[in-house]
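Presented below are the structures under discussion, each in the form of structure tokens.
In the two complexes that follow, chain A is the common piece, with chain B as its partner first and chain C second.
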Partner chain A sequence: MSEANGLRQPKRATADLFLKLGVVPVPDGEKAAAAIGHLDEFRTKVRSFVMAMESCVKCGACAENCHTYLGTRDPNNIPAGRADLIRKVYKRHFTVQGKLFPGLVGAQDLDLETIEKWYSYYYQCSECRRCAHVCPFGIDTAEVTMIGRQILFWLGIGPQLHTATSGAILKTGNHMGLTQAGMVDTLDFLSEEIEEEYEGLKVTFPVDKPNSDVLYIPSSADFMLNANTLKGAAMFLQYVGANWTMSSRITEAGNFGYLMDQNRVMREMVTRLMEETTRLGCKKIVWGECGHGWRATKMYVPTMSDMPASRKIPMTHIHDEVEAYVKAGLLELDPKRNARKITLHDPCNYARACGHSDNMRVIMNAVVPKGAFTEMRPNREANFCCGGGSGILFDDKKMYEYRILASNKKAEQVRATNAEVLCAPCSICKAQLYPMVKEHKLPVEVVGLVDLVGNALVFRD
Partner chain B sequence: MPFVEVEGKQVEVDEDGFMVDPAAWFPGWAHYVAKSEGIGELTERHWHVIDFLKDYYAKTGIAPMIRKLCKESGIPLKEMYELFPTGPAKGACKCAGLPKPTGCV
Partner chain C sequence: MNVFIGQILPYVAVTVFLGGVTWRIWRWMIPQIVHNITLSPWPKSWSAAIVWILWQLATFWNLLKFDRPLWFGAWFMHIALFLMLVGHVLAFYTLGLQFHILVPGLITPELSLWLSFWFGTVLGLIFLLALLYLLGRRLVNEPVRAISSASDYVHLLLLIGIATLGNIMRIFPEYQVGYIPVREYLAGLFLFQPHPMPDSLLFLAKYTLVMVLMIIFPFSKLMHSFGFFWERWIINRPFHEPARGLPGAGVQLPK
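Right after this comes the complex of A and B.
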């Protein structure tokens, strides 16, 4: 299928890529019927979806709270309007009024044109859930986006980026196709860097070490872009004397399955996680800096995994670990090493889904000097998305332009703080903000939070 | 997957025009990408980066961490972006026949 006229759509994956993920693309003539079959299944299984379909009164509260709408002023990017792309089909097929008087209740048959709109708008939504935060009915519109993306996936429609990344997951257990040899080489390089930067400090990065207590799950993007996040985590884990390791079979804190296929692909990561935890004898899993991946793990692993380990092994985030040590007074920190004026971007999944607003601030206040940290506004649960949430990090021209528009609100927030450093402790946020601060001419450096912890830790012999 | 013809050879590429099989790389490929990516004529500095990437990929199966690429090739990040305007992960890797990076990059 070619790109639909005028719609903003990311470059789509080929049938070959879908076949590798076990999906046979559905022919155009059968797409509408197949999609309605899937909707019927979701309707009977997912109550939050039915609630979203049935309860919205179009009060408009979500509109001005959505960075996507604020950036584009496209009515289909109003969360309620975006959900309507499915709602009108839902009404037509699953409500009495819609079956009898479709024209009166805004019900519509599903056609290819609407499916093309799904592809366009469900991949402009970043699943940030700020609309859910302000909805007086508590409708989580991101769930509608997720269902839209899932149905598109089953039809064989999806972005090249998400589909290729899902392929890398099945092959290697991480998004970037990291190999063990590549990991070890990168980590040796980082050990040398730490030794040079911190007066001969020796920090090791164990990989696949049997009989480890802690399995640390880094974001694979840290191996290419976010070196200091990887270093900070290793420095912290070594400082507290953890018997830890990473695994080359699951070197990924993210889970693009959660963003596209919350079944086969998402489960692959969950299964690998539990297999590796068991194989390496780990008693605890500590998660690295990744927002959506941490949500997928914290909220879904216990129910999605059918292995006993998932009910027994505690899973925490590295921010929780650092917070606990800070509160217990067990870290000697030198905040002067992070002296520049800094602000904090609350990644959506931490702040609105995982209750991390406090722990990030406990850490921040411990690792920077008094007065260096300025809040952006709004913040915490009310913060705006970076504009790249749910992995919409597309680089085709039209979609890249869209990413700049979708980050207008973020740029405005950052600029108002006059900060020199923008802390964004999530790999998607980092990947979005590295280019975005340049496009918006913001004079800030983008960093993670654990980066600052590693930099402030005072090691004594 | 689509094919493009470069110097009379059929090269299989992905949707973004990256080579599917890095083993099929030949120098003409780098010239072809340089033209289509707006890099222009390849200088000695470009080749230094391309050769480094190819060697590294052959040894490890991945593209190097950007910081490592800069440090070990001796080419600072700023110059790297001047040489390859779309960046080391995309422009340079494409010239060197490496697959397009996936995930959060």
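Right after this comes the complex of A and C.
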């Protein structure tokens, strides 16, 4: 039943990978019953899910406001339509009207075909929550996507990318499978780069340093793909004389658990974070550039972690800290070093989930010359997703084509600004936008925001 | 038949309506708000959250901002419906003198009757036109049609039926029922002292449709009128930011 009915589906993880995550894939014949069992459990536990199931009036306001529908014109990519893939089944089993008049109210029994559709469409949704933002009721269909993915995970269905990444999390605490030795190697190299680029400037990247005050959590992708972001963060932390460190056990600002299994795998990250904070004696956690991971931490850790540290240790984003220092006038910045015309992509999880729009603008206006920064429209909490949100960064042909379709709206927005640089301060946005700008032939360079801070900081002895 | 519709069905409809709504809300209260999934920028306090929720309710702000054509149909339909519901209660209770009772010095009983008539007529027509517009939109707008089920049309047709019958009774004098017979009949229901229904087929038809609507209400998407509050309570709540500043850093933020 794989790759069924011409559905767009990402490459599946093998049963072996699932076994490593403690999930025994459910045989086809038992999948529907197992899924209903899980739905029944969520129905009694998660109110946001129940309200999404029971409040939608199918007004369709979400349709033209979802980049996946705009890119594909597929009715199952309308947020209300996508939620309906579960809602039909929910109605059939858990509502009076669905039990009595299934045809009238659009209720359906669950079959393998529908489960295949779940796999297809819940991995086309990027959980960006623009639909929640525009819905007159505030129905958050990302909650439905999350539960769809969670059930699929428990059935043993999931993309190779997410499942393998979840495996890496359990093993190393980061997505890329970085080890401490590998980290230190890369960081030495980054130190040398900074020394060359900034006239002998010596910046160190502490790892697992005991008695540190601040634990900085970088995105593991910053070690390879977005090195300038990691360099920028280190330069800022060094500039203000922070007693900081990274931890080799949790070198990951993202959280693929949040994107696939908001139980075992997500909790692994949360637990490691609190263990490491305690072990290294840190008094504050500062987060690197990653959208979903920052949400998973800022908004979920307090209600998810079962360690008392999580109620005491303040957690902020590196942007919050840079903003505060900029506002206090404590940073000497030379905006001329970032003199190209630039626009800012608001990562969905910052803008719609973490209250994180002003700080990026304060920083931006401080690190680029006056007039260089152009807003794209719409922006802030009304911004459109890059098309790669929730880690749907699949490389298989059909899904890659989909990623480019899903970024049509983003390309249109960027093009209208005539910018030369596209600042997208989130690892998944960056990973999506690197190929996106190529496919859409946009003449822009994709950068992070802390990159620009590091580049503009004027160090004096 | 008249006894069933006039003296039994109303009690069934009210019981099913109130019981059903209570049961649905009871079921919503069992699951928890597991994590704070508020939308940002979030309200600074609970009172700000409530103001925002009421603002959304009164203006249909999101539709106004993100789907103007839908806003025209939806807002006018709902506002007319709301005012008419209030109007029905007041007008039947006071026999059309509600405006006189509210502002006795300024509005004479005759003026009140006149106002009641025109408010009812205009709102009734707005309601019907908005419903027809929404039905047309559901049929013509490609994505909306794609996500519609039969029940979505049934609800609209039911409301259109009720609105049409109401408008006929309001606009054509020969079909008017008048406040008094209706009030006598309703008073009988409230006091459990049965009084015959007004003698009008149109009234019977409209009244039956309204009771059907009340009976299906708790088992349909019409529950969104309550769902709105439960959903927004999840999605518009305050969050408190931790303080900025790096402990132990050489350069400290001013206190």
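Remarks
As a convention for this text, the second predicted complex is superposed on the first by the 460 of 461 C-alpha atoms of A that agree within 3 Å, B and C clash if a C-alpha of one lies under 4 Å from a C-alpha of the other, contacts with A are read in each partner's own complex, and residues count from 1 in each chain.
By definition in this document, contacts are C-beta pairs under 8 Å (C-beta built on N, C-alpha and C of every residue); 3 or more make two chains touch, one makes a residue touch a chain.
Note that the structure is predicted; figures quoted are calculated from it, not measured.
Look at A:Gly177: by the touch rule set out above, it reaches chain B but stays clear of chain C. When the shared chain is aligned, no partner comes close enough to touch A:Ala33: not chain B, not chain C.
By the touch criterion defined above, A:Ala416 lies against neither chain B nor chain C after alignment on the C-alpha atoms of chain A.
By the touch criterion defined above, A:Leu112 lies against neither chain B nor chain C after alignment on the C-alpha atoms of chain A. Ranked by how many residues of chain A each touches, chain B and chain C are led by C.
In the superposed pair of complexes, A:His133 makes contact with chain C only, with no contact to chain B. Looking at the shared chain after the overlay, A:Leu161 reaches chain B, while chain C stays out of its contact range.
Only residues 24, 27-28, 30-42, 56, 60, 62-63, 65-67, 70, 74, 141, 143-144, 146-152, 154, 216, 219-221, 223-224, 227-228, 230-232, 234-236, 239, 241-251, 253-254 of chain C touch chain A when the two sit together in their complex. If you check the complex, the residues on chain A that touch chain C are 42-52, 54-61, 63-65, 69, 75, 78, 80-81, 84, 95-97, 101, 103-106, 129, 132-140, 143, 213-214, 237, 239-244, 283-284, 286, 299-300, 302-304, 314-316, 320-321, 323-325, 328, 330, 351-357, 381.
Interface residues of chain A facing chain B in the complex, by the touch rule stated above, are 11-14, 16, 160-161, 164-165, 167-168, 174-179, 181-182, 185-186, 189, 193, 219-221, 223-225, 227, 254, 256, 290, 391, 393, 395, 427-428, 430-431. Across the complex, chain A is touched by residues 1, 14-16, 59-68, 89-90, 99-105 of chain B.
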